[in-house]
Amino acid sequence: MSSTKPNAERPQSETRRQKLNRTIFGWETPAGQRFDVLLIWAICISVLVLMLESVDWIAINYRPWLRAAEWAFTLMFTAEYLVRLYCTENRWQYVKSFYGIVDLLSILPSYLAFFIPGANNLLIIRMLRVLRIFRILKLVRYLGEANLLMRTMLLARRKILVFFSSVLILSTVFGSLMYMVEGAEHGFTSIPKSIYWTIVTITTVGYGDIVPQTVLGQIISALAMLTGYSIIAVPTGILTAELAQEMQRERVSRHCPNCTRAGHEGDAVHCKHCGEQLPATAPSVK
Amino acid sequence: MSSTKPNAERPQSETRRQKLNRTIFGWETPAGQRFDVLLIWAICISVLVLMLESVDWIAINYRPWLRAAEWAFTLMFTAEYLVRLYCTENRWQYVKSFYGIVDLLSILPSYLAFFIPGANNLLIIRMLRVLRIFRILKLVRYLGEANLLMRTMLLARRKILVFFSSVLILSTVFGSLMYMVEGAEHGFTSIPKSIYWTIVTITTVGYGDIVPQTVLGQIISALAMLTGYSIIAVPTGILTAELAQEMQRERVSRHCPNCTRAGHEGDAVHCKHCGEQLPATAPSVK
Amino acid sequence: MSSTKPNAERPQSETRRQKLNRTIFGWETPAGQRFDVLLIWAICISVLVLMLESVDWIAINYRPWLRAAEWAFTLMFTAEYLVRLYCTENRWQYVKSFYGIVDLLSILPSYLAFFIPGANNLLIIRMLRVLRIFRILKLVRYLGEANLLMRTMLLARRKILVFFSSVLILSTVFGSLMYMVEGAEHGFTSIPKSIYWTIVTITTVGYGDIVPQTVLGQIISALAMLTGYSIIAVPTGILTAELAQEMQRERVSRHCPNCTRAGHEGDAVHCKHCGEQLPATAPSVK
Amino acid sequence: MSSTKPNAERPQSETRRQKLNRTIFGWETPAGQRFDVLLIWAICISVLVLMLESVDWIAINYRPWLRAAEWAFTLMFTAEYLVRLYCTENRWQYVKSFYGIVDLLSILPSYLAFFIPGANNLLIIRMLRVLRIFRILKLVRYLGEANLLMRTMLLARRKILVFFSSVLILSTVFGSLMYMVEGAEHGFTSIPKSIYWTIVTITTVGYGDIVPQTVLGQIISALAMLTGYSIIAVPTGILTAELAQEMQRERVSRHCPNCTRAGHEGDAVHCKHCGEQLPATAPSVK
């Protein structure tokens, strides 16, 4: 009653398909939870297998095992995909949805790699082999907590966009200056490369494969560093401020049962608008 | 009515010039928006062209195309500049303004490069070629959202200035120490260079082209890192605090229609000063 | 009376063991403080000795002294451990506790290294020698102030967990892309290594032992940097927001002596719930 | 009247010495301001001279000029020091104060370098030459704005201390692990060096002169990076929270003229404690 975000729908009487649906898409039933846990394990292990497959000496020594595991997971995820297709009300919408695409992408490459005679072009095969690793994205479905962050990001998206544009403009300006000052002989062979270098510097990554060698270049890059060092404060500031608001909004989102107005302090006992008694708050959960 | 920042002026009857003015300088009319979108595209593409021009193999193979595109954009921006000049009330003020200078700088180099016989001194030409890339600055005009950030920066400018002075003093102190301890044989050939190195370290960029080799030097640089690592908190802290205030100020900037005082909480229904009924708040937009 | 967290228990009449217990586990008695200070010194010096022992020329020249010191500290900590065992009410609980394990680990390796004929396998010995340095963990017991941070971390633990999962997923995605684009010939020999590289990049550490060399690779890594550069804002934001709340909670945790409700503003003079006079606040200590 | 921090003392009738005192130590009189501006310039230029002196080719070509400038500044600062000594009430206190020591240190080395026959030991000379650069510290006197930051740092000092202890303990643990895993053959020649490397990594500086080469080492260092990447949030969080409080405290530090209680909201018109009319607030200056 005092919770604001409504839980999943509570069906009264449901067909076998709806039951299956709730098991596979929902969290509520024990069966659904077992299914999800199992799936998470499957995803993690399959990703691990794909990683190991890219390590030469493992790929050479354990090829049969890896291939077997690979196919086992592919078939498993195929089954999952088909079942999901079967038990959703709106099939096409699921297929078009982010998760639908991810689910499909996580099985497609294996079949493509199987049907394409890849002996002659290894690149395609390598790409397909690697693409399967994006199965990891299937995990996103379970990052429930990410909502608060996502909402914050969305609230701050325009500020963040502006911030990125500014960073790019800054990088262009500093990059061109460095290209002009240092020139090709010191590794700044073109403006795009200088801009890449500037991004490496402004984000304080600093690989050191290209470093300014003229005095003027070092002064300019010192300026670039200090700029980057201080503007890193901007996204942090934006996000912190937004996040603080978001969290507070969550915390004080108590509705008055009478006038249904929200926004009462955590310790208010009466609605400040109509004087109605307020329901007790749960200990602020986070 | 509940919005605080007034939109652009609404002219009743206007001459052709004022119409043009609103089209070119304003956002309101559809024509104005089409013009701005077109201009943004032109700027981005011209900058892209200039970048590609700096890549050797592209410059060699596609010289004629790049030159053509370059001149097309130069003429286009020249026309824009002239029109802006034509339709502003106060010409000289526009010329002196930031945007006026940027607009001029974005066309000048091309003409200079054209009229200077640059065969004998390539540096000038390269500089001019590069300078044109600062056309990117013309985009700043469209970073409307940047206002909040700018205002925040302005509010915090003195603190940020102090912060930078402190960083520079710190760098001088650490740099001199490192120069004293490591000396020229380990790459710290002069105090300015040591200071450059210290900035590279304090900002946690860490190129690694110069690294301390004596034990004492490594201890000092570890101190420098920890210092930089913790004082990076200062600008973030300043900006976050300022930004949070700024955002809150925006949020609660509701004026009482009667006593015209501002600063009411978002859910207040009566002016806390005179009891006048307050206008309803719009859902806090950001 | 206005303090909320109760200090350690005040025993009326206590046996010699309880006295010893309070001396060794508590802070209250002067004896207890002397003991703790002594212990902190012992820990720091023993850790220093272990560090020096790992420096070759010191290990060679001062071996007897180091060994002597080492055994002195081992015996000292053994005595401490036995005494703690003797004077705790619930021995088994202490042994199982974090500090109990740390105390045991800080003496065990020395004895193991003594009883294992280590001439033939140096690795074990080196490991045991190094493990003793974790005596430093005994210091954790004295980071009393860390509580606020710990509590904050705990409050934000799920958000932080989500954040880390996101970072890992991001790293997997970017890493696989880089492996696909750059391939083994540029140092991205396997997906795990590419992921390692991506973490090095996203955290803006940027060693520079592996750097992207293709244009596409540089674009992707620039994206990765900007991502890391901006998502570093997320943990900061989370923690700051939580911390601000935590500190405020501490600050305004004043209880009304009548209705025992908490959460009065720092300058309230009457309980907002029952009107009872509130005790004066101490100057907000931090 | 509504200002809380009292300005400098207002003398009624003062001797020549007090006048001089106010000129040299104070900001109020125009003469004092001229003196300070002059001094700031002198400090900056003298520091610049000292920097240039450390650049070989400059030192060789312009030795006489540099020496002349150096002595000019030395004498100037000597004069300043003597005058300050002359016109302070409590001489000994000034000499012992931070600024007194800095003022002395900024002239001493020149004289020492002059009186020591330094031909035979260049190190001393180089040290003395470098030490003079700490004249830059004389600037600290003019970072008035730094007070807010300093106060914040002081308020958060214990938290920051705890934070640093934690970082050091973490570095010791990770460093020892890396020393154990990677060993001397990969550059981790001793535990202190490994700890230095860990600090370089945790602070995300990442020089890249030493990099982990075993798989296990790379996993451990990835953990170290993520740790550092997330605990960098801690000092930021602490400082931001403290700073926000500090700034708010400043903003709302309005005193009631009647009951002299402080802490009224910025838009309160009556003292919430005694109902007395409050003085109008100045627009919150920062």
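By letter and in written order, the chains are A, B, C and D; residue numbering begins at 1 in each of them.
We adopt the following convention: a residue touches a chain if its C-beta (ideal position, glycine included) is under 8 Å from a C-beta of that chain, and two chains touch if they have at least 3 such contacts.
Only a predicted model underlies this, so the values are computations on that prediction, with no experimental measurement involved.
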Task: Name whichever of A-C, B-C or A-D reuses the A-B interface, so over half of the contact pairs are the same residue numbers.
output: A-C
- prompt: Copies chain B and chain D touch; is their interface built from the same residue numbers (over half shared) or different ones?
  reply: different
- request: Would you kindly give the rotation angle relating chain A to chain D, two copies of one sequence, based on a CA superposition and rounded to a multiple of 5 degrees?
  value: 180
Statement: Of B-C and C-D, the pair with more C-beta contacts is C-D
Task: Express in whole angstrom the distance between the two chain centres, defined as the mean CA positions of chain B and chain C.
output: 41
Message: Counting only Cα atoms for the centres, state how far chain C is from chain D in Å.
response: 29
Field: chain D residues counted as touching two or more neighbouring chains
entry: 163, 192, 204-208, 232, 236, 238, 240, 242, 244
Message: For the complex, give me every residue of chain D touching chain A.
response: 204, 206-208, 236, 240
Statement: Counting only contacts in the complex, chain C reaches chain A at residues 155-156, 158-159, 161-163, 165-166, 169, 172-173, 176-177, 179-180, 183, 189-192, 195, 201, 204-208, 211, 215, 218-219, 222, 225-226, 228-230, 232-234, 236-238, 240-242, 244-245, 261-263, 272-273
- request: Flag every residue of chain B that touches chain A in the complex, lowest number first.
  value: 47, 50-52, 54-56, 126-127, 130-131, 133-134, 136-137, 139-140, 143, 145-146, 148-149, 152, 160, 163-164, 167, 192-193, 196, 199-200, 203-209, 232, 235-236, 238-240, 242-244, 247, 266-267, 269, 286
